[in-house]
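Common to both upcoming complexes is subunit A, partnered first by subunit B, then by subunit C.
What follows is the complex of A and B.
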């Protein structure tokens, strides 16, 4: 399914694992309102891998956390809709939302050293989430696994199975996080994420802080288990190399907005949006650092956002129209959604300054 | 395997501390150049209770009696031997009472008052501080925070004086002095216990109120730090229940530094006792120390200092033995 920003979507909500419509999130800071996510719409098919890229500060993490409804003050989900399967996520009660986490939508946090509770054993951390989902039948997932109902032996078998799926020895269950390497910890996190067979896994830069070889192993593990449980994945990241290998489609975020959503092959071979183009073409190493040396200008302050197309101060193709007219994401070619006024001029005319 | 080695190391360390402290305790007063027997004699002469004549002979007799005439190293060895048996000799001021007897009486009061209040304020303060930092805690509870934290800024002896003035002298709700009524002889009856309890309320309350905030402030700070950790975010994303999030992830981690502080606080209980006990005339170890310093009663002073050091060393040992159980990361470093 492609984004359906303007359709009314009940029917689509059924067929997509996740559908996001016109989602807006802001932070109310002392220096002003930061519009971190601005009218974002996209959807994930069941089992699909979707990559979200963009410079740091473009709102990727905010978007990811909004899907879990874990935006903390001063942040706030302003408007929009999030559908998980047939469930209207933003309409759930707090308790219903808690139960939906892990069971319906799970998180693999950043590959930092600190995602596991340092003072309890891995076994306990693999089981406690399931334990707290014990009350039967209140979530929509069709799995019957509930740690509370399991006997000790069943729990043990379950933990073994989870660890084996992510390529870890059963002994890991008895260890504490500080006894594991970064890669092993991230495998544990992946095991947790699939423990209740969610429809959607959100992975926010899951391999940052890991070295390259381990990164690839972790991504492969994630791909394998994701296919096994049939979950869709939203992969947030800035490593284009990983994106190219892992995802089916890519969404490019700029200053809180999605500016292009395209299948991965096509966006890498022929990016349409000028920002996506700079992002991909200007990267010899295929890795976006915190600031993009290849792209002139600074990312806009989300406090004082430009009018019109947010990218116009840095865009080599900008005209006066771009400064005033906002452009919505539109399906300009089959499966390709782009937000830019001047696509035809840019791609039909000979290269201008800034192009190769 | 690490357990045995770790235990041995800790216990050896314990004895080393005690030995060092005992040694310092022995030499330090002797370096001060005071002569306890002579000073005592002179005092008695001044107050007219002894004859000025023959004072030198008496000093000699007493020095021999207390072993102060022998060479220093001999005194030291005897001292160490005595220490090992916890034989602290006789009090000079209350001769022939032994230091042990004096300490035993005083310790009961001090342990009853200070150990209890320290533990209670730790438990309540820590829990309260954790709840104050917890955004999901009820508002009425969090609104108690400012007064309790303000109280922590008042030194407990000052709070003690204020309470003494208000509740003992103005309102006359509670007795203002001592551990029991004048004329009562301490015994093991229920009535005596109630009497002692009544006398303990004001000093206990002043310590409790002023230290509650201390624990609460420290715990709140730790809890806020812990709440910002990645594992809290991930735990929430796992749909963990709020209560488990609080106890298993928040409290379990935030309490670790508190426990270190508790061990230190327990060690300082006796030294910290001094002011409160003096303010309230409470017959505990603080009052005894106060009086024995005034009376240059070396054996008692030494006994008390040794007791303080022993409790410090013991609590440190207990801490060393329990912390690895609470924090698995410590096991690796040792």
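What follows is the complex of A and C.
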């Protein structure tokens, strides 16, 4: 990327691959305004793996789509900033954004194996994105991979290299999607995502329909190529097991807000926010048979959001303060950001601190 | 005493008709008996293509096996009289995988609850019907006033799936076949639905066949497990033994791949090398091509079930020294509830 002089984002551009500040996204529906993403701020360091967890409807996928500027009406990015390297993503024109996708920020979508074109061979699908980027603008040669300028032989070598990186045989290039298993298709999608060496890969539940063995292979493949390419990964999902195995830091979303952002070891050994704690405690394990209890209550409707802390109706520690006062994310320990009024009381009362 | 539901040496082959050269054997010489007493929870675990959903559909009478028999209280399903068929339909209930597709979006959710009541004539009056529905909803932890009168899209996946469990419960069945009931539900709600299933088993004496690809949830609710690989049993028996000390290489691979919610306990990536899916030979062990311990005899003939412990079987020549057991006797080794709890303590 050519460094561009920017006034207020420059400092972050140096250290972070992706910087999100006060991002708000809402959907304007007939029944009212749904605030799907509410003042979310976080950043991804270059090469970092960051996990975004939450229940369905917590806004995690909307957030991921907003980073790609792929929110469709009635959804709308209301305010906030998204910096990708030195570029202010929300200020780009539609055409500039089109060029940035795949080249700068790529997506491995949920069930993306079903997003492959069923009537086109894999080779063409791998090259299509690059061809399009070459055609889209004359100055898009930053990555040195513009397919339009490649000879046939170079294209062939390129496809072969991409497939090899994700552990697929070269003959896969000549196949159609229906000839591949779900895991192989997901590998093809990962190959596409890294084809232009983006700085950030967004992986939205990339293994939700796959078997555990294949799931492990896919996640390990993603990890390997991500390290090779040096891209940061934003992994969106609700499987805490995969998060524990894959990411460096975890952000927990609840009803459109981030309630805790912590390094992975810390959050699993000692989750601070009551919601994060319940989320981790209700995980079934292969070690001990527990009583099967989920988190009591239901996630709030985003149409009628509770006042104060959004989690207070389900929180075992809620007080009147929680019902009325909103709490922002605060760095309560080094590297640990939590939004909770009652943090000190909860974690200082000895019988409740659950270190095992 | 004949079992409530029993499958004997069933094989299911799809395709391979007159004009087709390709046929797929989804299930091969599989036997299982589910006793009516005591109520049990049996997990059937395997990856996609292992034949577990085919098994579910055969148990439910939705699919007829190519070979072998399905017996309901000792009688072949194909020979049931109309009234026996009616009682089979009532005794054996199902919870399907997708809580989004089983509802007709045009109807209120009440419809899925009133239909079986009408069909089986469970209630004589409106009021009785209402009471039945409310009781069933209460037993799965739902409040009728927040549930009835709503449309499917107004409920979460977890709620919808619990309504399906309530629907099954209405009929007071003796067996529920649950095919991946929680795979499409958020992790935070899974525990509740599984808790419901276990509660039905304990309080109402309903047996459950829990079909899943998720070993962790299987471990949480079942006493016994059958690990399927490519249509055959790889390992079966007391779930505590199978999960803690797996004997079949496939079970070992499966357990090693479970993502533990603990960053310090990494999944077993050594298994990666052995796990590229391959189409194995025809006669031998189906896991041959992926197996790190494959021996020459594995390619020649499929291993029978070897009884490695009092309550466990493994279909692998590594355990050749143990006595082999005919497949139809598999379920006789299963542990009851009390025994399972004590097995490892």
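Criterion: the second predicted complex is superposed on the first by the 319 of 356 C-alpha atoms of A that agree within 3 Å, B and C clash if a C-alpha of one lies under 4 Å from a C-alpha of the other, contacts with A are read in each partner's own complex, and residues count from 1 in each chain.
Going forward, contacts are C-beta pairs under 8 Å (C-beta built on N, C-alpha and C of every residue); 3 or more make two chains touch, one makes a residue touch a chain.
This is a predicted model, so every value here is computed, not measured.
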Requested in this report: Identify whether subunit B and subunit C fit side by side or clash on subunit A in the overlaid structures.
Outcome: fit
Query raised in the report: Which partner does A:117 reach: the first (subunit B), the second (subunit C), both, or neither?
Result: first
Query raised in the report: Put simply, what angle do subunit B and subunit C open at subunit A, by C-alpha centres, to the nearest 10°?
Result: 70
Query raised in the report: Just subunit B (first), just subunit C (second), both, or neither: which does A:56 touch?
Result: second
Query raised in the report: First (subunit B), second (subunit C), both or neither: which does A:332 touch?
Result: neither
Report task. Identify the partner contact of A:176: answer first if only subunit B is touched, second if only subunit C is, both if each is, neither if none is. Result -> first
Query raised in the report: Between subunit B (first) and subunit C (second), which does A:239 come into contact with in this model arrangement: first, second, both, or neither?
Result: second
Requested in this report: For A:216, select first, second, both or neither according to whether it touches subunit B, subunit C, the two together, or no partner.
Outcome: second
Query raised in the report: A:128 contacts which: subunit B (first), subunit C (second), both, neither?
Result: first
Query raised in the report: subunit A residues in contact: does subunit B have more, or subunit C?
Result: C
Requested in this report: Considering only the touch criterion stated at the top, classify A:264 as touching first (subunit B), second (subunit C), both, or neither.
Outcome: second
Report summary line: Minimum Cα separation between subunit B and subunit C after superposition, in Å, equals 8
Requested in this report: Report, in rising order, the residues of subunit A that make contact with subunit B in one complex and with subunit C in the other.
Outcome: none
Query raised in the report: Taking the complex as given, what residues does subunit C use to touch subunit A?
Result: 47-48, 156-159, 186-192, 194-195, 198, 213-217, 219-221, 243, 253-255, 257-264, 266-267, 269, 271-272, 275, 277
Query - Residue numbers on subunit A that touch subunit C, as the complex places them - result: 55-57, 181-183, 211-217, 219-220, 238-245, 264-265, 268, 278-280, 282-286, 289-295, 298-299
Query raised in the report: Inside the complex, what are the residues of subunit A that reach subunit B?
Result: 68, 70, 98-103, 106-107, 109-110, 112, 114-120, 128-129, 132-133, 176, 178-179, 189, 192
Report summary line: Given the complex, residues on subunit B that touch subunit A span 229-231, 233-241, 244, 248-249, 252-253, 256, 326-329, 332
